[in-house]
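Each of the next two complexes has chain A plus one more chain, namely chain B in the first and chain C in the second.
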Partner chain A sequence: MPGLSAAELSFLEGGIAQDLRNDGRGREDFRSFSIQLDVISQASGSARVRLGATDILASIKAELGSPPAEFPHLGRLELAVEISPTAGPEFEGRGGEELSAELGKALERSFAGGANGTGAAVDLAALSVVEGKTCWVLYADVLVLNADGNILDASAIGIKAALSNTRIPKVEVLAGEGDEEGELELNDDPDECARVSTAAVPLIVTLTKVGRHYIADATGDEEAQMSSALSVAVNEKGQLCGVTKRGSAGIDPSVISDMLSVARRIGKRLLAKVDAEISLAESRLESET
Partner chain B sequence: MEYVSPEGLRLDGRRPKEVRQLKCELAVLHRADGSAYLEMGNTKVLATVYGPHEVSQRSQSLHDRALVHCEYSMATFSTGERRRRPKGDRRSVELSLVIRQSMEAAILTHLLPRTQIDIYVQVLQADGGTRAACINAATLALADAGVPMRDLVASCAAGYLNGTPLLDLNYVEDSAGGPDLTVALLPKAEKVTLLQMDSKLPLDTFEAVLGLAMDGCKAIAAHMRQALLEHTRKQAVVRGPVRL
Partner chain C sequence: MSARGAPSYSPYSGIEERVMQEDGAGPASRSVLGADSRRQDGRLPEECRPAFLQVGTVSRAAGSAYAEFASTKVLVAVYGPRESRKAAAYSDTSRLTCDVKLAAFATKSRGKYGQGTAERELSDLLHKALVSAVRLDTFPKASVDVFALVLESGGADLAVVVTAASLALADAGIEMLDMVAATSLSLVGGHLLVDPAASEERAQDGNVLVALMPARNEVTQMHLAGAWPDTHAAQAIELCLDGCHKLDGEMRACLREHAATANGS
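After this line comes the complex of A and B, so read on.
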């Protein structure tokens, strides 16, 4: 991001203090966003999300793999974020590595749940195929194409949309003879696929602290001004699924609890909006085919 | 395996001398100076151009022309099997170089001394012919950024399977092990800016395949020019009439 002048900075801060930001939003408002489903045909599910000028592509790929050693009855969910150099020259080569690691970890914290699978965004036990031997591994990959702030919240929206678009082939386990292991047979009929329940998938609301106030869905310019930020994952029931504090400045504990309840309130509204957008995108996809 | 049926149809239903369906969109990303999204069948690539801007490493600055910089990357989900690709592996370094060289042949670099032009190409979905698709997308992105060019570079691949020259191979045809020829062309001057062939081919057949690939390039160039004109017209309408 090109640097802002001192006058621009004070204008931006002044706007936030008066609850009227540069693009006309209030402090708790999200930018308008659009969702497009099934954009990558080689993935099991995919979505493109445009949140203001932030543009991301989320893909879910289901592959057969081995379950975690301590919990043989579970499947796995692996999350990663990659920043494409198309988002700006500062992300070329290894430039995007630090940010992508930070965002990837934050997503993992909010979606992967505990080691035993409780609190995970999807039902990991449903991904098991042969206990202790084979399970589905869902690789959730986010690719950032254009960055204009709040990549993390956009990524969470993308993953939720891509999961709702995901189809996992049905697997039949053929009984093996004697001591031989049973063979797996994949059913490649596209109509005979399992869907992933996305009811428990949380969304992330990042509150960015600028000056004495905090704002939702910061743009790139506003993020350049942030002292610290709190990313809160909220699910349908209003439960907190993960919290990440970002940035270098400290936040007062009383402010944190205040921010958490605000994030919860915004999260509930956002969830309803995202669900509506996903069903809109689904109907658009159906009318196309 | 039979790649061309007795009726003369290929696996995806095309005739031997047909390119896949092309779809171009311009100015797709907000921040870049120029960007383009290109689909060649199921191969989908995105290219962005930043610049001309100040050279970021001053020691690399060229006093008489622009410095062209290119980076190619492939999304983890772009291929059939998910693969984590380390940045700067040999394939992507070579491809970056190839794209850069064919773009440098078209850009009027001498008009922009002491500047840098960044070209970033991102493969979203790979189904054969990524090399050609990347070059085509990069050309469109450069045109969208308004970088002065001699001509639009167009690129297309051709192969030779079952005794038939085939235009614009898809992934299945590409992995059949036959020769694969990628050509990039400056269509107006008829100058080849990129020529690569894997595997072997008799000389007289080579000429036929090369001719086919060049015809493919010209067809693609015509399509891209059309897309560019339409985009420009649309922008002109949005901006309203020009008053002098």
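After this line comes the complex of A and C, so read on.
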């Protein structure tokens, strides 16, 4: 972000203190967002999310791969965030690497569940094809086109939308003869596809601490002012699915527990809104075809 | 509550007992807890492993520390403040670089040389846990380099690395706002297991790590993974915080002891 002047900074902080931010929002309000589905024809599922000026593309690619060595009955979900240099001048060259690694890890913590697959965003056991040999690997890639704050929350919305749009081809396992291994036959009929249940996919609410207050869905200018932030993943059951602390300043433990409950409350509202937007985008997609 | 390890810094048992009553799942819902609600290594759920801490282990380093939490063994050396190696732009604060290495023999399957993703992630998390405690403004232009070597990975590696690194920084005389103590916890089949061993981590449904500046009561780093039922998350964080405070006592005792022997000789 281009540096703000001292006067602009104090204006921004003063607004936050009075629960009226520069763009007219209260501290706990999200910017309005739009979701567009099926934007990448090469992917198994995709979505474009615009959250304020932040603009991201999320794609899900399903590929056949090998299951994790310790849990042969599971499939895999791999998450990554790439920040394109178009998103802002600070991401030129390798400038975005550190942030994209941090965001990728935060997504992994929120979506991948425990080591044994419990609490994962999608049912990993359903991705298994041949136990111990073959499974579906869902690669969730987020590409940031324009960064105006809160990339992580937008990415989570994008992944949830892209997963709802994902179609995985049916696989038939043909029995092998004698010692030969069975062959896999992919059914490429587009109507004969498995869908991914997105009911358990969490959303992330990042609360950014600016001065003594914390705000939801910070813009780029507001993020430049952050002392620390807590990214909290919440699912439909109201469970916490992942927490990541970002920023360099410490936070008081009692403030953390406040932030967790506020994030849970905001997350509930956000989940309902995202679900509504996804079904709206789906009906738009159907009327187009 | 009798068989508590000698230098243990376990959180109060009261918290865990509340958890056990609430979750309703009988003991041994998974093999991690035996019928006597003890863990495989004989600890109670809220009991930490006995911790051995030592500073001044590496003589050539500005500061160093060795930490052993049962089978988790970590060596940390701190070099600096020294001239920044990276030819980076002028900065009026100093740089804190953190590098965590897993020894090739630290894990069951032999590791590879070169920094893998696991090491990169550990390094990054260590940096995040320490950077808010170190007073970087006190030595402009210089860098402080923290090298951590995990000799044996026996569970809760990151928590031990953070703890040892903070001791090593203190040993090096780097100005800090406070020490940083870190405790992690695994959620296994509805049970909250403080300071998990490697076998418990493999079976975990979720985990939490809290790094705390105990005297300032500020959390420098915290992350949580896996799906957590409502009350469990808050209790887990509380247990970790309590563990950090207890660990802080051990860390300070270790530094005091070192200072006393250094003065005596």
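Here is the rule we use: the second predicted complex is superposed on the first by the 289 of 289 C-alpha atoms of A that agree within 3 Å, B and C clash if a C-alpha of one lies under 4 Å from a C-alpha of the other, contacts with A are read in each partner's own complex, and residues count from 1 in each chain.
One rule holds in what follows: a residue touches a chain if its C-beta (ideal position, glycine included) is under 8 Å from a C-beta of that chain, and two chains touch if they have at least 3 such contacts.
No experiment lies behind these values; they were computed from the predicted model shown.
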| item | value |
| --- | --- |
| Chain C versus chain B on the shared chain A, clash or fit after superposition | fit |
| Which superposed partner A:Ala43 touches (first chain B, second chain C, both, neither) | first |
| Inter-centroid angle chain B-chain A-chain C after superposition on A [Cα, multiple of 10°] | 120 |
| First (chain B), second (chain C), both or neither touched by A:Ser84 | first |
| Partner chain(s) touched by A:Leu280 [first = chain B, second = chain C, both, neither] | neither |
| Partner chain(s) touched by A:Ala17 [first = chain B, second = chain C, both, neither] | neither |
| Which superposed partner A:Cys241 touches (first chain B, second chain C, both, neither) | second |
| Touched partner set for A:Gly113, first chain B, second chain C, both or neither | second |
| Touching partner for A:Asp148 - first (chain B), second (chain C), both, neither | first |
| Shortest span in Å between Cα atoms of chain B and of chain C, once chain A is used as the common reference | 12 |
| Touching residues (chain side chain C, partner chain A) in the complex | 120-121, 124, 128, 131-133, 187, 201-208, 212-213, 216-230, 233-234, 237, 241 |
| In the complex with chain B, residue positions of chain A that touch it | 39-43, 46, 53, 55, 57, 59, 61, 63, 80, 82, 84-89, 92-94, 139, 141, 143, 145-148 |
| Interface residues, chain B side, partner chain A - complex | 29-32, 35, 42, 44, 46-48, 50, 56, 71, 73, 75-82, 84, 87-88, 118, 120, 122, 124-125, 127 |
| Complex contact set, residues of chain A against chain C | 70, 101-102, 105, 109-110, 112-116, 118-119, 200, 228, 230, 235, 237-246, 248-253, 256-257, 260 |
